[in-house]
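Let me begin by handing over the structure; questions about it come next.
Order of writing sets the labels: A, B, C and D. Residues in every chain begin at 1.
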Amino acid sequence: MAMTSPTSQPSDFWHRIQAIDRRVLYVLLLVVIILPLFVPIRLPMVTMPSTQKLYQAIESIPEGGFVIVSATWSGGTRAENMPQTEAILRHLMKRRLRVAVFSFDQQGSQFSYNIASRLAKEYNYEYGKDWVHWGFRPIVGVVMKSLVRDIPGTFTTDRDGKPTKDMEVMKGIRDIKDVDAIVEIAASGIYMDWIGLVVGANPNLKFGFCPTAVMAPETYPYMDSGQIVGIMEGMRGAAEYEQLIRATGLATKGMGSISLAHVLIMLLIIIGNIGYIATRARGR
Amino acid sequence: MLEPIVRFFSAKPPAVLPYYVAGAVIFSILVILLLINLPSRMRKPLIAIVTFLAGLFYAAEFFLPIDRATNKNVLTDYLVSASKLGSLLGGMTLTLGILSLLRVHGRNIARLRAGWYNSLALLVAMVSMVVFGLMDKYGANASAKKVFNVLFEGMLINMDATMFSLIAFYIVSASYRAFRIRSIEATILMVTAFLVMLGQVPVGNAMTDWLPREGFFASLRVENIKQWILSQVNAAALRAIAFGLGVGGLAISLRIWLSLERGAYFEKEI
Amino acid sequence: MEALWQDILSRPAIYAGAICTIGLMTLVYRENAVYRFFEHVFIGLAAGFSIVVLIKEILDPFLYQPVFKKGEWYWTFVFMFGLLFYFIHSRKYNWLSRLPIGFLMGFAAGQAFQSFANTYLPQIAVSFRPLYVTRADGSVDVSAGINNLIFMIVLVTVMSYFFFSFEQKSKVIRNSAQFGRWVMMVAFGAIFGTTIMARMALLFDRMYFLFSDWLRWVQ
Amino acid sequence: MQHAFEKIWPVLIVEVLTALIIIWRIISAQRGKELFIRRIPGLNAIDEAIGRATEMGRPVLMVPGIGGFSIIALQALSIFSYIARSTARFGNRILMPVADATVYTVAEEVIRDAYQAEGHPERFDPDSVRFLSDRQFAFASGVAGLIQREQIASSFMFGEFFAESLIFAETGNMVGAIQVAGTVQTTQIPFFIAACDYTIIGDEYYAASAYISRNPTMLGSLVGQDFGKLLIASLCVVGSVAATLSALDVPVLGTASKWFIDLFTIR
């Protein structure tokens, strides 16, 4: 299907639009990716039901509720997972819910701490009182099984090794029944472990999942069955979420770039085909 | 009867440990000397036996009856050791790879071939990563940690991300060039890619936002078309391909396990 | 100038990352001396890091610690067995390297039973799709039935494409295989379309790194 | 599913039966039964691609993917051994960057053997098979650089490929190489289709060595595999009929159908 580019090109218009130099395409791409960083581009946005559901689930948590955010991602998927983490934490802090962050990934632990502490400043969240970071926790199965029965016992210390026992944020939190929601931001199939080991243990627990766009389709069945309460799908989901909580963050900018890039690709495909059809029609 | 063997292979206190380790080394060397003199007609059967036994462990672990309560059988507890063994053996080949790098680039430098300075840069980068990486783990030097941070977080991670991101450029040129209505297959490929792209971005969704959200016409909204393609056609086709791959993989595994495999590596006289 | 130095020294990792990013990105224009240099640095760093990982995460915890800290002396045998790999460069005793290689192959092959059972067997029962579907309230869901029928047709026709030895003289099998190939193109087009999103996000992340983390032109 | 006895029936009916059929077909094929195999166009193109490299006097690239040492990598090496025999005959320069040290170790031997078997051991350049990096994108940067510097004429990519597939395929396309690719990572097939001249799909990959070598053992195995696939496909069809019957609540048959579905339901 991939024809090697023709060596001798007739210089007429229809042929030329079929063989635009790749460097021209690359410059165009760079322009559409960079532009929205500097010029805010507002594109029409339709919120997907999956994003809406996640937002409503968080909205329905009573004030002072306790939410666990797990950020199991690393640098490789920063582009999608960072805006998601930021959007969800922003919403939780806006609603003044108690937040506990941790990660099954070493890098994710660092990233999520940076994001949370930056937002904490913005929303006057006090560490230890309003939020806590439990740090990096290896071995998924062990942590999940144990947090169902005993949360303070599972996370005895925070990321700096300080004991969590007397922290105000953990007051009254004993086991999974005291948790209102868990949101996992991940680039892997870890949602299956949450569903298998944790979600069923508390019927009122809301489990939200924020996968990368590539991962998302395989999670739809679990939203239909209600095991996942809502899904924030890649950067696009994050952009929609930002719109729902009325914040313009990284995802809105990113989505501007990404949408324009899609439009660029689609236009190029159309142009190429017009040229192809035109030359073929003439060839007959 | 097994008791003395188990005791022999148990952990040993520091006092006698060196003797056991030295004994194991000497014993292994003796075995290797013996193998060196093995007549050639016995070599292939020996390799076949080793391969079979290695595979037998995992096969038996899977097929042996289990205790319902613990979900284990007699071999399950050894899985961890087996995977350590596998990583250790696999890891030991890395030195062969590194030797290849050293050979190719060492020669470039020694003969001052064109671009020898690049080879030098490669070796310098490698050595500094090893030195500071190990200092980072086993030393407590703050400035060493800082250098490691520049090498790892600053350079390596960003280089990973950059190479990864180049795919964005290539995906543009590839789709521009390949998605032409040249043949039925190319046309199908293009149309679905196009529809899914429309469903991916808000701009596309806005195009069909005038359609109702419920009822029959809702299924014509681009995001629903996209979802339908992914959940019905895509899922079914990928599953069908996966079944084929599963059976094919099983067949090759069987052939290798039972030393029935033929072709390049397997047919050579040794 | 002074201020620039201060800035570089205060965040050297960011500066190093930015230079590496730009250096590798020049590849899309064409292969050039700058790219070549950074490519070699990249491979060198990666090789160095692999050595570090080998020592830190394999040799230390699986060999040194068990043998010398816990007294599990028998791991010495594994190490000695692994040394047989190095006979690969010997002309005469080259075959000895086939022992550990055969061992690893056997290991990989033996796992196939479990991985087949784990990966593919559960997918069989999920493919049992009823053509008659009722909703919770008892009414008939026609579209779900049609979707299930389409699912089955796709599954079977695509599988028929992968029959290698049944003679494709039969018109039914040949048409089914042809249709299966077309349906696969639908699937591949869809994968292509969904992947674009993730790749564009990566490029955006790079630009964000350059313009925000490094240059601080964007907040 | 960690153990067979967690749900023994599907394991016996599908997995063990398939395995036995494959072994049986292999053994009967070794006794000399004539076997047929359908055309796989991508594999026929291998000779064409080598021929072009010979004409142009530019090197041939072979990439065995970035996966570790496994059955997939071994399969790639059998294909490359065939290619190396041709290049040994025609005297093409070859390049084979490898991403896994164990694969590299075996690959060097396989390629050297191929040259030996063709009677041209002197034409084998030990530097042509080289370990680059076991880190995905470091390897990708190295291969991309190699493709452009060496201006390769043809490129063969067989093995496990992930996101880097398009980097290889597009840079190869840039220098105008003829490209043939195949991988078991189905998510990468679209990118190979878009940028390569020939792509082999799905388990055509596992059929490749049988197709090229026409070795009876391998062909027999292929026939056995077809039976395995036929078994699974029929089970799916029967299962769907059963699911429909049980949804319609047909007396007797409905109950039998439920039993049948239960038999195969795991978890």
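In this text, a contact is a pair of C-beta atoms (placed from the backbone, for glycine too) under 8 Å apart; a residue touches a chain by one contact, two chains touch by 3 or more.
Predicted, not measured: the structure shown is a model, and the values here were computed from it.
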Centroid-based (C-alpha) most distant chain relative to subunit B: A
Comparison of C-D and A-C (more C-beta pairs in contact): C-D
Inter-centroid spacing, subunit C versus subunit A (mean Cα positions, whole Å): 21
Between subunit C and subunit D, centroid-to-centroid distance (C-alpha), Å: 15
Cα-centroid distance, subunit A relative to subunit B, in whole angstrom: 26
Centre-to-centre distance between subunit D and subunit A (centres being mean Cα positions), rounded to whole Å: 34
Of all residues in subunit A, the ones touching two or more other chains: 1-2, 5, 22, 26, 29, 33, 78, 213, 217, 236, 258, 261-262, 265
Junction residues of subunit D, two or more chains touched: 2-4, 15, 69, 71, 74, 102, 105-106, 109, 132, 134-135, 137-138, 141, 169, 173, 186, 190-191, 193-195, 201-203, 207, 222, 225, 229, 232-233
Subunit C residues counted as touching two or more neighbouring chains: 24, 27-28, 36, 38-39, 42-43, 45-47, 49-50, 85, 88, 94, 104-105, 108-109, 112-114, 116-117, 120, 127, 152, 155-156, 159, 162, 184, 188-189, 191-192, 194-197, 200, 202-203, 205
Subunit D residues touching subunit C - in the complex, by the definition given at the top: 1-4, 7, 10-11, 14-15, 35-38, 69-71, 74, 102, 105-106, 108-109, 132-135, 137-139, 141-142, 144-145, 148-149, 186-187, 189-191, 193-194, 201-204, 207, 219, 222-223, 225-226, 229-230, 232-233, 235-237, 239-240, 242-244, 246-248, 261, 264-267
Touch list for subunit D against partner subunit B, complex: 2-6, 15, 18-19, 22-23, 26, 68-69, 71-72, 74-75, 77-78, 80-82, 98, 100-102, 104-106, 109-110, 113-114, 127, 130-132, 134-138, 140-141, 163-164, 166-167, 169-171, 173, 184, 186, 190-191, 193-195, 201-203, 205-207, 209, 213, 215, 217-218, 221-222, 224-225, 228-229, 232-233
Residues of subunit C touching subunit D in the complex: 24, 27, 30-31, 35-36, 38-39, 42-43, 45-47, 49-50, 85, 88, 94, 97, 101, 104-105, 108-109, 112-114, 116-118, 120-122, 124-125, 127-134, 148, 152, 155-156, 159-160, 162-168, 184, 188-189, 191-192, 195
Residues on subunit C engaged by subunit B in the complex (per definition of touch): 12-18, 20-21, 24-25, 27-28, 36-52, 54-56, 58-59, 62-63, 67-68, 70-86, 88, 93-96, 98-100, 102-117, 119-120, 123, 127, 143, 147, 150-152, 154-156, 158-159, 162, 180-197, 199-200, 202-203, 205-206, 209
Contact set on subunit A toward subunit B in their complex: 1-3, 5, 18, 20, 22, 25-26, 29, 33, 43-46, 48, 75-76, 78, 213, 217, 220, 236, 239, 255, 258-259, 261-266, 268-269, 272-273, 276-277
